[in-house]
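Each structure below is given as structure tokens.
Presented sequentially are two complexes of subunit A, the first with subunit B as partner and the second with subunit C.
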Partner chain A sequence: MFSYTFHWNQAFRALPQMLDGALVTLEIALLSMAIGLALAIALTVFRLSGNRVLSGVATAWVEVARNTPALFQIYMAHFGLGNFGIHLSPFTALLAGIAFNNAGYLAENFRGALKAIPETQARAGRSLGMSSLQAFRYIVLPQMLRVAFLPATNQMVWAILMTSLGVTVGMSSDLAGVTQELNARSFRTFEFFALAAVIYYLIAKAVTLAARLLAARMFRY
Partner chain B sequence: MFSTALTWSDLAFLAHGAGMTLAVTAVSVAAGTVLGIVFGVIRFQFGPYWSAPLTFALDIFRSVPLLIQLVLGNALQSIAKLGWPPFTTSCVVLSLYTAAYCTEIVRGGIDSVPVNTRRAARSLGMTWWQDMRYIVAPLATRVSLPSWIGLTLGVMKDSALVLWLGLIELLRASQILVTRLQEPLFILLLCGAIYFVISLPIARFGRYLEERWSPND
Partner chain C sequence: MIEIENVHKSFGSLEVLKGIDLTVRKGEVVTVIGGSGSGKSTLLTCINGLETIASGRVVIDGTDVHAKSTDLNKLRQKVGIVFQQWNAFPHLTVLENVMLAPRKVLGLPKEKAEEIAVKQLTHVGLAEKLSVYPSRMSGGQQQRMAIARALAMSPTYMLFDEVTSALDPMLVGEVLDTLRMLASEGMTMICVTHEMKFAREVSDRVAFFHQGIMAEIAPPEQLFDAPQHTETKKFLAATH
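What follows is the complex of A and B.
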């Protein structure tokens, strides 16, 4: 049955290259998470604003981000925007696609988290003379971020897994891209991709662990 | 502005791709759910200590990108000389991926059934199997249904990745049309709309079942 000889040496020799790729993967995931978080807060403000146009934009964004494949969103950024004469590099397209996706999912998490914060708190803030934005910034937002921290951690892991989709739009510097290039040169598909899977697994676990330690420090009270 | 080179046969091509997406999703969700129920019951019954190997194995499917899993699955089947077509490989990998998530949902559902209810069933003389079948299953299903619908929709979207193995599903079909007609935005919007149209009835059906099954809440 198994007449295939494994050549793990080749894969291990390429390990430094792949670890460089893993750094790029982590960089894209962190950047997309930072952008997604900022956008998600903006979307939440839009939704709360009561302005019909703004909350419509926010709802449409969340629905599209959650009901179409992440790969579709990356294709949209890479091929779709070409119609407007905007040609994004694979890196930017990947980042834009994942950030769009993150923003949609995080905004939905925030909506759930908002339910845990009594409305009377914002009103108390207003009656102390805060503007509605101040009340959001100083009273609602800190509590919302705290409740949404764990779901956001999951989204971070998702972002790391999503970066592997970059290879379909020609990304060659992240972990999946590097692995695919090595694979195209040597056809040791199983060895290279198994090693990549181990690295992805370790990154995902490290991020989960780091988030848990961070949460233990930040949310002591 | 609204002229397009898209013909009816191109639309049929897209519809064919959508059919492939649906087929892969249906097979994977069906197989993944059965596996997930089995694994979920095992995880609950054996406790965290004895089911640790299973937990670890399933965790791998949730911590490694699906794209990598598909490539590995395909490489493995060719190493083992199974000679599977891409459709089979995709379905097997996606089923295991679904099962990994479904296990958590099932375990959570069983966990939500109060221990006293189950003890009451056993003290009425029900066997373990009867308890599972008539007490736990109905209660756990109600709790798990929303997450399960969410999982189904998620797998439907993730099934787009099988294009990497050469399967022509919805996204790949629209990509082929984009290459041929050079109208990326229009065709991709169409593709996104089809994804939307497919997932909407599933979400609606889930909400309908949820309302119907909880008349007393």
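What follows is the complex of A and C.
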């Protein structure tokens, strides 16, 4: 019943190729986080703006991003927009889909973090003569960052794992894409995917560890 | 000089200040006593413009606090306020807590701000705690830090809102000593307090608030030993 013989050599020989793919994966994840962060800040401002249209758009974004499958979000960016004549390459579509998802989760994260800082903190700043912007910049924001940091790290890990959904829109240069191609050529499914899984795992752990070290340095209180 | 003229203030339909008149001269120490909800805290926040008022005027050294043209950030530099909950900035060390406003609001260079902060922290007995984070200090120490933080702006006036009420009884003394010291140095102060003994000692005048009205104001000997108003009598009887 267990007649499958492992051929690890073949998988290990492909390791350099897979590591190149891992770099692409990391690149997409980092870019999607950077874009997601910028968008999340904008969404947070929109939601606090008191403008109905802006806060409506932001709320809808956050709701859709958090309550629909990430796969659909990436599909929409590729095939959905394609229906309207907007053709994004697999790379761009994947990046857009993940950035969309990141923005939604991060915006919600920011809102929670903002709520976690008592209003009396800004008030104490104001009573020392600070403008509301100064009170936000020097008192509220640094404390928010601490609250938001670990959930944002989780989102980064999630973004790395989401990149693997790129194979569904024809992405072939990232780790999942490379692995999929190797698999298609050799049918060494178990070996290639096991090796890829280990690489994903190591990247995710490295990111988490780096974030912990960074947090320990940044947030000493 | 702080001139409060016929100040009215409401939260929704609840009128919290019903026409307050009070003038505090330079160097004077006025304490405010009264029951919970009588409007004491609200008065302080109306003085430094943290709250708006419905009518009347608050004039500080000739500046109408609630006039549209008044730069409140500037005004607040000369009116320090310390709250019951001291609101230490948890992400900053004690020294940084005190340096922040001198640097960012007054625009002082780092060395100068640090010099001021060290001086004020030494003044309130925290010279040993400069690089400590607030979470590592007792409530009394954090409260003294908050006082130093306000003093670092070199305010002309200081408002204190029940600064000992949230403290363990054992820690009340050290904070009151700090206030006594400021009073003896001639700081102009308005202190809301429940500490009657302290009020009697440091005050030039004691004001008794009752349901949004300043029912009585008099030198401490008179207010405590020969109160005129029935509500003052009741309140004092209840606190003894």
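Assume the second predicted complex is superposed on the first by the 197 of 221 C-alpha atoms of A that agree within 3 Å, B and C clash if a C-alpha of one lies under 4 Å from a C-alpha of the other, contacts with A are read in each partner's own complex, and residues count from 1 in each chain.
Simple rule for what comes next: a residue touches a chain if its C-beta (ideal position, glycine included) is under 8 Å from a C-beta of that chain, and two chains touch if they have at least 3 such contacts.
As the structure is a prediction and not an experimental result, all values here were calculated from the model.
Touching more residues of subunit A than its counterpart among subunit B and subunit C is B. Within the superposed three-chain model, A:41 lies out of touch with both subunit B and subunit C [touch as defined at top].
By the touch criterion stated above, A:157 is placed in contact with subunit B alone, subunit C being left untouched. Touch criterion met: A:165 reaches subunit B, while subunit C stays clear of it.
Judged by the touch definition given at the top, the superposed model places A:4 against subunit B, while subunit C stays out of reach.
In the superposition on chain A, A:14 makes contact with neither subunit B nor subunit C.
Legend: residue contacts after superposition of the two complexes on their common chain; A:130 is shown touching subunit C, with no touch to subunit B. In the superposed pair of complexes, A:72 makes contact with subunit B only, with no contact to subunit C.
Shared contact residues of subunit A with subunit B and subunit C: none.
Note for the complex: subunit A touches subunit C at residues 118, 120-121, 123-131, 134, 138-139, 142-143, 146, 219-221. By the touch criterion given at the top, residues 1-4, 64, 67-72, 75-76, 79-84, 157, 161-165, 167-168, 176, 179, 189-190, 193-194, 196-197, 200-201, 204-205 of subunit A touch subunit B in their complex.
Taken in their complex, subunit C has these residues touching subunit A: 48, 50, 73-74, 76-77, 80-81, 83, 85, 87, 89-92, 100-101, 104-105, 133-135, 146, 149-150, 153. Listed in rising order, the residues of subunit B touching subunit A in the complex are 60, 63-69, 71-72, 74-76, 79-81, 153, 157-158, 160-161, 163-164, 171, 175, 178, 183-186, 188-189, 191-192, 195-196, 199-200.
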